[in-house]
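Across the two complexes that follow, chain A remains constant while its partner is chain B and subsequently chain C.
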Partner chain A sequence: MALELKSSDNKIFEVEELVAVQSETIKSLVEDGCADNVIPLPNVDSKTLELVLDWCKNHVDMKLDEEKLKEYEDKFIEVDQAVLYDLLLAANYLNIKDLLNRACQKVADMLKGKTPEQIRETLNIVNDFSPEEEEEIRKENLWAFEE
Partner chain B sequence: MEEESHGSNYGETETSPSASTSSEDSILNSSDHSTHASRPAERITIYEEKAEEGEDSDCYVVCCKRLKHAPPITQDRISALPNSILLNILSSLPTKDAIKTGVLSKRWSYVWTSVPSLSFTDDYENTDHFATAVDNTLLLHKAPKLTKFYLRFNYKPDLKPRLDLWVRLATNAMVEQLSLRLTYAHVFNFETYLLPQHLYTNQFVSELDFSFCNIKPIGVVHLSSLKRLCIGYTALCGDDIRKVVMGSPRLEYLELNNCCRLNRLDIASESLKKLVINNHFMLTAAGKIDDPVFELEIVAPKIESLEILGTFCMKKCRIKDVSSLVKAKLDFSMAVLKVEEESACNEYQEAVRELLESLHHVKELFVGKWCLMVLSLMSVKHVPSPLLKCKYVTVKTSMKKWDLPGIASLLQSLPYVEKLVIDISHHNLGFKILERHYLSYYNYDDMSHWKSKEIYFKFLLLCLKTVKIFGFGENLVNIKEVFVLVVQFLLKNANVMEKMIITKPRVMQNQRKSGWIGGQWTPASRAVYNLSDTVARCTTQVYPR
Partner chain C sequence: MKKRGLAENHDDEEEQQDRKMKRIRVEEEENEEENESGFVNLDENLLYEVLKHVDARTLGSAACVSKLWHRTVQDERLWELICTKHWANIGCPNQQLRSVVLALGGFRRLHSLYLWPLLKPQSSSSSSAAASSSSSSSLSSSSTASSSSSAWSPFPPMVSSKPPARWGKDEMQLSLSLLSIRYYEKMNFNSRGR
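And now, the complex of A and B:
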């Protein structure tokens, strides 16, 4: 049984139901009987949707092989930062728990062991604290900012 | 209709007759971009060959580069994400790193205080400093529910009241995963942490992980949600373990690592599926030891998977009842002290023989290096090794000359084997005592020993369909003789073998694309096939039929 999904830039993707219902969002639509026509996904562009569907498909195919799946996931998540955020948002919107967790873990890996200055640099975060405000927060958790 | 062709690993979009696909994605592109229209087809099919069981893991589609790249971002996209996603990200971080995000910007301040996962690690000896840090953090932290609470630090008995409070705080927050990985700076001068009694009747915890803790349940044990239990570095008492296991109706996984003193593990649990014992030893007080080896008796009639790993010092596993066992992994070594070499080797032989006998009914077996070497010893000493019903066998070996009799012995005992996996990747483990013993006592020609055995087990390889050898390429020079001997033997005598896969270790594989070599083999060409030519390529798949 095939479903049709439409990305934000009007591309239609035809996928097996088994693959698509990895998304809890789509699953509920199917269960409620709303999936007969094309399902619009205004929050996901075609590039991201293609990636997401690849994830879902491989999770169906490799369900029984943990090792293979892990290898796939590690390779899959090697994406540029912008793509990673798109994946995060898509996984959140489509409610695909394992993809969301894996993507979040990848972002966490980018933050691990870095100083706040380094994190701001990597993620383009603007520091809107005054030096006094920042100092106050640092003092509350001195141990975390050591070394 | 224009479309883009996707660069999957097998390149082509034509379906070959044998590649049956149960799920096909078709993409209808109504794109406006003009691309190279290489094919007139309207639909594009992304497919992958359905991987058969045991086939090399290279055959899956990983999305092509085009989708994964994007220009570097210049704006702050992460701060725009909703709190729920930020908290998910912070959950994967050690708490120390999570707290640091509090000074990134105003948007980030105090987001970390709602993170449902707390993890404190301190490898230094200044435990008071650590304890204050934990206390301060817990004061600011305000998540009402915890999924994970992880502590690793050097425990000192005067920290007990604080640790009790932290555990209480975690359980009040209905924590699901609780890890107390205590460590000791001074191993011989310690008092372990006595786990608080309220833990044994906790309804929310699903995963417990303890090191250097004392498990002594006094009243009733009722851990209604516990699924995984890992106990490390503890002197175990069989009764206490039994009490905990029987009081956990949902327990699926039990691991005992680096423990000691356990004599009998009696688990009649209906739910327990997997048991792992990693490193076990016998701690004796000073004085005479009558027996060089003590037993750890295992009674677990319902488990499906058993792993015996690591080093067993003055202890051996004795299996009394594992009637439901499907999968067994024997990747351990034994050490018997204060006994002369010949005696020790006899003990090892006896232990391995007994184990294999009690595991003869399992479907899937993994034999580690040390066990294989003991099998070699048994083989040259003409000690019979029990017949095994296994269908899937994995062997870890360095393919040295002292492994050959062991491999021969194994092949002889596996009349029903359908799939054989040989792992020859380089491991640093060497068992010098066994090697020395083997070389000094039985240093005769292994090749002729093998050849003499060939007649006996030639006809036993009636079911072997698949052989996979991985890790090839690292020690080619050293192992060439043995390797060629074994592979040639398999190719010649496994009459129903459908394929043999030889691959490089995973790390090396990722460096370039692997090539496939398929083809039909006549019985004649099989025998004269030049292996050293083939294995020069990354991945070789040989179809012997």
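And now, the complex of A and C:
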């Protein structure tokens, strides 16, 4: 059975139900009988949706081959920050647990062992603490900086 | 006359250089904006999902990044994950452990006061001695604690000799006892004030 998904930029993707229901969000729609027409996904653009569907398809195809799947996943997640962020949002919105986990893991790996300044620089986060607040919070977490 | 002419030329050159610098700076800023990924917009929920995958030290560092990150790191569930990672077989249901630890001050405190000093990679015996003294000084505010701090010191040398083993029931109960002693101390202190 094929489903039709529409991205935010109005591109239609035709997918096998088996592939699409890896998204818990889509699975609920199917189970509730709301999937007869095109399913609009206003939070996912076509570029990201294409990647996501590729992930889902390969997870169906390679289900029995753990090694091959791991190789695929490692290669899949080697993307730049902007794409990674979009994948993270899409996996969250579509509720695809293994993609969400993998994307989160990738971001977490980017943060490991970094000082707060380095984390801010990596992800372009603005420091909104006052100097006094920052001093206090550093003291609170001093153990993380001891060597 | 000549001198003034030269000075004017010099000013012109400086002006040109300034303009160039400004142009370059604007271009750089524009490039920066293009390279800015969406992570600056990461909301609390997704940040929580990401932080579930980091180790304790990174979590402590993350707390200092911004107000939103600090708020997210305070979530007890993240620290529960960090603490229970080290506990192989705790011999009681997780829900029970959770209610006890939360009542006594939470997983974050449990970790920073009693788990981290023992579990962090020991670089030398002097650093382990420092760790034991810093943790015993936080305990030594009342007489009940002084006996426990003497019981505390034998631990670090044991850990530094080999990689930290996964904790079992006994170690977990010890850390919970220490957490409850601290809780008790704080209770005592408040009633003394009355």
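A few remarks follow.
Rule of thumb we're sticking to: the second predicted complex is superposed on the first by the 146 of 147 C-alpha atoms of A that agree within 3 Å, B and C clash if a C-alpha of one lies under 4 Å from a C-alpha of the other, contacts with A are read in each partner's own complex, and residues count from 1 in each chain.
The working rule: a contact is a pair of C-beta atoms (placed from the backbone, for glycine too) under 8 Å apart; a residue touches a chain by one contact, two chains touch by 3 or more.
Note that the structure is a prediction, hence the values are computed from the model and not measured.
Placing chain B and chain C on a common chain A by superposition gives a clash between them. In the superposition on chain A, contact is made by A:Lys57 with chain B only, not with chain C.
Of the two partner chains placed by the overlay, only chain B lies in contact with A:Glu14; chain C stays clear of it.
Looking at the superposition, the partner that touches the larger set of chain A residues, chain B or chain C, turns out to be B. Contact with chain B, but none with chain C, is seen for A:Lys75 once the two complexes are overlaid on the shared chain.
Of the two partner chains placed around the shared chain by superposition, chain B and chain C are both touched by A:Gln105.
Stretch 39-47 of chain C is the one among 3-11, 21-29, 39-47 or 183-191 that clashes with chain B after the shared chain A is superposed. Overlap of the chain B and chain C contact sets on chain A: residues 80-82, 85, 88-89, 92, 100-101, 104-105, 107-109, 111-116, 119-120, 123-129, 134, 137-138, 140-141, 143-145.
Those residues of chain C that touch chain A in the shared complex are 36-40, 42, 45-46, 49-67, 69-70, 112, 116-117, 120, 123. Taken together, the chain A residues at the contact with chain C in this complex read 80-82, 84-86, 88-89, 92, 100-101, 104-105, 107-109, 111-116, 119-120, 123-129, 134, 137-138, 140-141, 143-147. For chain B in complex with chain A, the residues that touch the partner chain are 23-31, 46, 48, 50-51, 57, 60-63, 67-79, 81-82, 84-85, 88-97, 99-106, 108-109, 129, 132-133, 136-137, 140, 506. The touching residues of chain A, counted against chain B in their complex, run 10-16, 18-19, 47, 50-51, 53-54, 57-58, 60-62, 65, 67-68, 71-72, 75-76, 78-83, 85, 88-89, 92, 100-101, 104-105, 107-109, 111-116, 119-120, 123-129, 134, 137-138, 140-141, 143-145.
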